[in-house]
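Notes to accompany the following structure.
Order as written gives the chain letters A, B, C, D, E and F; numbering starts at 1 within each chain.
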Amino acid sequence: MKKIEAIIRPSNLETLKAALNALEVRGMTVYNVMGRGLQKDVKQFYRGQEISIDLFPKVKVEIICRDHWLDRIIDVILEECSSGQIGDGKIFVYPIEDIIRISTGERGDAAL
Amino acid sequence: MKKIEAIIRPSNLETLKAALNALEVRGMTVYNVMGRGLQKDVKQFYRGQEISIDLFPKVKVEIICRDHWLDRIIDVILEECSSGQIGDGKIFVYPIEDIIRISTGERGDAAL
Amino acid sequence: MKKIEAIIRPSNLETLKAALNALEVRGMTVYNVMGRGLQKDVKQFYRGQEISIDLFPKVKVEIICRDHWLDRIIDVILEECSSGQIGDGKIFVYPIEDIIRISTGERGDAAL
Amino acid sequence: MNINLRSIKNGSLAAALVGILTPLPALAADASAINTGDTAWIMIATALVMIMTPGLALFYGGMVRKKNVLSILMQCFTVIALVSVQWVLLGYTLSFGPDVKGIIGGLDFWGMSGVGLEPSATYATTIPHTVFIMFQGMFAIITAGLITGAFAERMKFSVFVIFTLLWTTLVYDPLAHWVWGGGFLAKLGALDFAGGTVVHISSGVSGLVAALILGRRFSKDREAILPHNLPMTVTGAALLWFGWFGFNAGSALAANGLAGMAFLVTNTAAASGAISWVLAEWLDHGKPTIFGAVSGAVAGLVAVTPASGYVTPLASIIIGLLVGPICYLAVSRVKEKLGYDDALDAFGIHGVGGTIGALATGLFATTIINSTAANGLFYGNPHQLWVQFVSVLISWSYAGLMTFLILKGISLVTSLRVNKEEEEIGLDASLHGEDAYGYSEMGVEGTGVMG
Amino acid sequence: MNINLRSIKNGSLAAALVGILTPLPALAADASAINTGDTAWIMIATALVMIMTPGLALFYGGMVRKKNVLSILMQCFTVIALVSVQWVLLGYTLSFGPDVKGIIGGLDFWGMSGVGLEPSATYATTIPHTVFIMFQGMFAIITAGLITGAFAERMKFSVFVIFTLLWTTLVYDPLAHWVWGGGFLAKLGALDFAGGTVVHISSGVSGLVAALILGRRFSKDREAILPHNLPMTVTGAALLWFGWFGFNAGSALAANGLAGMAFLVTNTAAASGAISWVLAEWLDHGKPTIFGAVSGAVAGLVAVTPASGYVTPLASIIIGLLVGPICYLAVSRVKEKLGYDDALDAFGIHGVGGTIGALATGLFATTIINSTAANGLFYGNPHQLWVQFVSVLISWSYAGLMTFLILKGISLVTSLRVNKEEEEIGLDASLHGEDAYGYSEMGVEGTGVMG
Amino acid sequence: MNINLRSIKNGSLAAALVGILTPLPALAADASAINTGDTAWIMIATALVMIMTPGLALFYGGMVRKKNVLSILMQCFTVIALVSVQWVLLGYTLSFGPDVKGIIGGLDFWGMSGVGLEPSATYATTIPHTVFIMFQGMFAIITAGLITGAFAERMKFSVFVIFTLLWTTLVYDPLAHWVWGGGFLAKLGALDFAGGTVVHISSGVSGLVAALILGRRFSKDREAILPHNLPMTVTGAALLWFGWFGFNAGSALAANGLAGMAFLVTNTAAASGAISWVLAEWLDHGKPTIFGAVSGAVAGLVAVTPASGYVTPLASIIIGLLVGPICYLAVSRVKEKLGYDDALDAFGIHGVGGTIGALATGLFATTIINSTAANGLFYGNPHQLWVQFVSVLISWSYAGLMTFLILKGISLVTSLRVNKEEEEIGLDASLHGEDAYGYSEMGVEGTGVMG
């Protein structure tokens, strides 16, 4: 099993959710985060005081899946969230050791 | 050492905290997340426009612990957060390589 | 590659960001979390009802980096965020398997 | 009738339907009697009292959890809508129609029949009848609104609608008649300038009874429940204080010296109520809180309400200093002890504060301020205190009993509360199918999937 | 002039500059004619109408996404600022200056020249001219503000500024003159007590046209857009209801029986509008919502606006009951069907509600309430309905056409909308360089890097 | 006294205690002199000025970080409570009691003794004395409230309480007497219609001194501090604008032509202040902001305050156009340069704007608007500008010096600021033991562990 963390633009969340649904991948956890990277700062002004903003609102979508699903899900994310512009975001893949469904106590794949 | 991520119903947080306290497990980090899974959509209405909500507010409790604590903590979570209903949440277990306590610079188990 | 999760005091974020910038480490994702640990509870009062608060607002800074950067980044975090007081926070280090940049599809180190 | 005929003569049937409830100038006093200054004051005072109920919605709304804030706003807004209509159709005439045996008002004014552009022949004869009607109507509205604080976060909305209509008709309207409509409490000589018994005791005690009948919120035993937005509560308190000038000074029903004095004592009582509550908690647990400050201000306003047309500035300060600590103890100690879940302290502040105010009026009332009224104990007239005590007793008993009967009655047909799961999810989503803050708190910029 | 001379005689050139626009008491009526009660009422009514536009800002602001809330507040605030100045310089005299061929007002009062401390010789002769000017000015402000709901979340701010100045001068001012300034619609006998045609139809229809010209928001097709803060919307609605008492009852321009009746019917129409909208949605999709309740209340207020000085209490309830469900269908069905993106339903509520109100006035108007006016169909005078219909038709056509021309004109110079990326980022950051909630939602305590 | 005796004769000691401060009708004018229209207007104007302080609380509260918003609300609310009581006990009589050597008012009215239902024999003789007292009292309240913006996010609450009581007694009351209570500045002929010197210069300059004595916030040097809730700030600004009509037009103390003109110029000055500030920043950094718009509106309101009863509409526009850019430079450039931490620009807007307004009054004042006043420079009377300059100088010096002495005095007993850790945690939690938004932002639905 793998854990996929995709950091995307908030505006891509709905379309990504729909695409994953089509794939019958429903399970996901969504985080509200701020991100910094290659995207360049923007200026804001409060009573004439200039503020340079370097953290941008992003959404992190976390999906735990069986190994053989990994690439398919990554492809969907790339399809739905890539505009080719800096700031589209990143996908991180992590190992995961175990899963338990709280309602039933099932473990491993069965818990998904 | 392991990292436990438990995604639970917000209404179970206080009781879980209390139970872990009893176990003298105090360290935890709590996240405010939205989750989708087997729980089925609900409908909302804004000026007659129907909206289908498929992301539900959840709380993620993250606990880093020594390996031999893993099962005890999982048991407590199952006890406190399981209603047997879909939507109770999941527990994910991950490997962790190192820990540093910022205040002292201590590393590994000592940092917990 | 490694994933560094630093849980710090909100008031240390700006200085940490600046210090990492100096190191030309720009990439980071920031989370708004609540943490419990050795820091002791505080009391609040609402219409005379005493509430004991044991979750404190913290900021989690997540940095994915190449292995040889690991120690340098940890040192910067220790420098900027350590007051020697309980509550300064923790650094957790995790393994990571893969990275993809959404905009280009690049994988691995190239995606950073 | 004649209008009715006329319209039919005009060959319009619809007119018959409409006309039937159109003014009969015959019944009313002379328009030339209207004083523009008094009229201007009472119209704006009416608007001030109207804004109190949205103020109350914010005051209460900030105290509940994020998942229930809309249910509070919905209840307050529903009260405004329902009682506004009930009042012109039936409520006003039950309260202020010609007295029937000291118990209730006659139906002469139902549906505003006989109400024209002229002053009433009986009440506030220097302003148009409609202005008096609206001013009194706003009192009926906020009174029904105050109760909601007691059963917040658990009552079914459908039950709430029925309850509100029954309560305002069976409890508020008669009480208003007894005290202000020439009913038996008025004849008894009870002093209640702006509604200590009619408004605050009736709503506070009814709230307590409702809280007892509905029982505690499930989550109440599991966890402490914190206000989700105190700035919202403070904003509401500010609107309450603001509107209360219309509530009390408007009750003079004229722009005169009495109104001015009522305005002054209202302000000082609110101020000293805030001071005394904050001092009490500061001594008790060591922190002066804004939640305490606004709660004390409201307690002070409640307590001075019945007294505002009868007492001196200094007396109003004393009343404020008294009510703060007493209400603080009521909500922080007594409630815990007795274990009833008066969620937002409708009883703890309005029931307790209104009672203190009604009795204090029996102590501090003086004919120096209001020559048409009576002296209180401190001005040599112990009898007044007794009268006040009786009127308090009657208000407590009547409001309590009726609320009990109304809720028990409804509970024969349906359960009063939402179920446990709905309570956990929150009333906003489960009853109203709405989220107060959209997805926005979730950082996904207030968007969802289109259905 | 004489003042001008005097100041120059005084050897001050600046005074010439200033003096040129100072009052010429000569032109005005006698100060002794001022009635303090009427003056007090209209001054406060003016303040009440003023607070409606910030109320509207909150009402609208709560409905948009978090990233656009400041752009809404900025548009409403800008309207207040721009139209306040335009009104004293030019707008008032175009609207209420001496009639020129029934089409427009003369320039006699430009820059407030000839306006002193006395009443106007023509309008509201019992209050100072300045008070009448300010009262009317607040109407011009909110009307321009109402339109913004239609093109929310996508119009360029610079375009908005130009649009507002042109629209208020070319659309509002003439319309106000036609109906209230002795223009041809007044001569025609059209009844519009407080602005069904001048305010609500003009803004609603202009909003529809603007929404069509600008096109849909990009994100609109991708996702449902939820209100980011409904308590903010409810607060705004409360301020609107509160201010509407000044809007309608103030339109009597005196503290008299007519004002009192207008006050009463305004309140009942709002209440029954809220009730009927909520019932409609409850039946339709099964949930009573607070968003529906406030929307219905506003719809009721809109519909009673033109009728408020002419109809009976019962009629106002009927008007409210009618307008709720109709507006509900307009925003939940018709809009979807036709696919125009009237973002916050400026047309769906003000255009539709204003039209219903203007026509209903032709049905329910009665000389029993306002002897100086006319009867409607139900009181035997079908002609009035025809007159109302004509005035509605003219308002629709003129407002629609002019808005079309103004926007097309501007679009020759620059694009009307922000680009897709700016829309995604949100107008607050992209147009105004501000965040509504700082970083605070991000838990980093509202801090950033100093530039 | 007689009352006192009577009550004792009545054998009631408490009455002695109470009676001692009850009205002595003897001292007052004839009640028949009351004009209901004037009374209605000043009562509502008083309510309007009252709501300004909560408005200020929101205006300021939105500007601070989430962790300090309650401390701001608490300071403003505390000012309302403390000064309300201080005013009736002592403040009013110090300000408006019989003049003692032009320096201070006599104690005749302490504790409202000698205040009845009748008008004052000296001030506003057409309205009840109590109404005049309350109207003036609201000015004392907001003035003390304005200062808080300067030392926001760092002052100890206990210190704040002492400071407020001393400041209002030692600074506000004497200044009010000098200018409005027949003191020496009045005799000098200084024109200050609604409080440019008494209210805005005194609070602004005191704020500057306080900011300098307390020093900068620790975090100030580490990071930029962003407003946590701009919609809250905009709501506050709207309430300020709304209330300012009562502030300025109420200062005519009657519902007459002068009030109407003051109302009009107040609105246009606010509008042009908003326009000029936004234009200035638009040119300076390229973005028009809502924060700029509301700041400019407040600056315009501040500047027109002393002038509002003396200048023409056009002059008010010029004043607004002047003050916007100047205050913008003061807060965006000068403050940075000089490095004082006037957190929310109490000095930058009220100190600077009030000074501009006081001097502009010396330029634009004209007897055409107010025959009882004087002409300014542009109307041929350069002397008035000199008088204004002197009164500005005296207000600056007195307010500055006294604030310095008061704070230095307090600092002998205790430190004025919270410590660094408390500042980091935030004043809400550390001083008041409360969280503004509960846990709700944390998604745990506003719950905590019960203590």
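Following the convention adopted for this analysis, a residue touches a chain if its C-beta (ideal position, glycine included) is under 8 Å from a C-beta of that chain, and two chains touch if they have at least 3 such contacts.
Because the structure is predicted, anything quoted here is derived from the model rather than measured.
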(Q) Treat touching chains as neighbours: how many steps, at the fewest, connect chain B to chain E? (A) 1
Q: Among the listed pairs C-F, A-E or A-F, choose the one whose interface is a repeat of B-E, with over half of the contact pairs the same by residue number.
A: A-F
**Q.** Inter-centroid spacing, chain C versus chain A (mean Cα positions, whole Å)
**A.** 18
Q.
Centroid from C-alpha atoms only, then distance chain C to chain E, rounded to Å. What do you get?
A. 50
Q. If you average the CA atoms of chain E and of chain F, how many Å lie between those two points?
A. 32
Q | Multi-chain contact residues (two or more partners), chain E | A | 35-38, 40-41, 44, 219, 223-224, 226-227, 229, 235, 285, 287, 289, 291, 433-435, 439, 441-445, 447-451
**Q.** chain A, residues touching no fewer than two other chains
**A.** 11, 14, 17, 30-34, 43-46, 49-51, 54-55, 57, 94-95
Q: State the interface residues of chain C toward chain F in the complex, per the touch definition above.
A: 9, 11, 14-15, 34, 42-46, 49-55, 57
Q: Can you check the complex and tell me which residues of chain A touch chain C?
A: 2, 6-8, 31-38, 54-55, 58, 60, 74, 77-78, 81-95
**Q.** In the complex, chain D residues that touch chain E
**A.** 3, 7, 10-12, 14-15, 17-19, 21-23, 31, 34-41, 43-44, 46-47, 50-51, 54, 57-58, 61, 69-70, 73-74, 77-78, 80-82, 84-85, 88, 111-112, 115-118, 127-131, 133-134, 137, 157, 229, 232, 235, 431-441, 443, 445-451
Q | In the complex, chain C residues that touch chain A | A | 3, 17, 26-32, 64, 94-105, 111
Q | Parts of chain A lying in touch with chain F, wherever the complex brings them together | A | 43-51
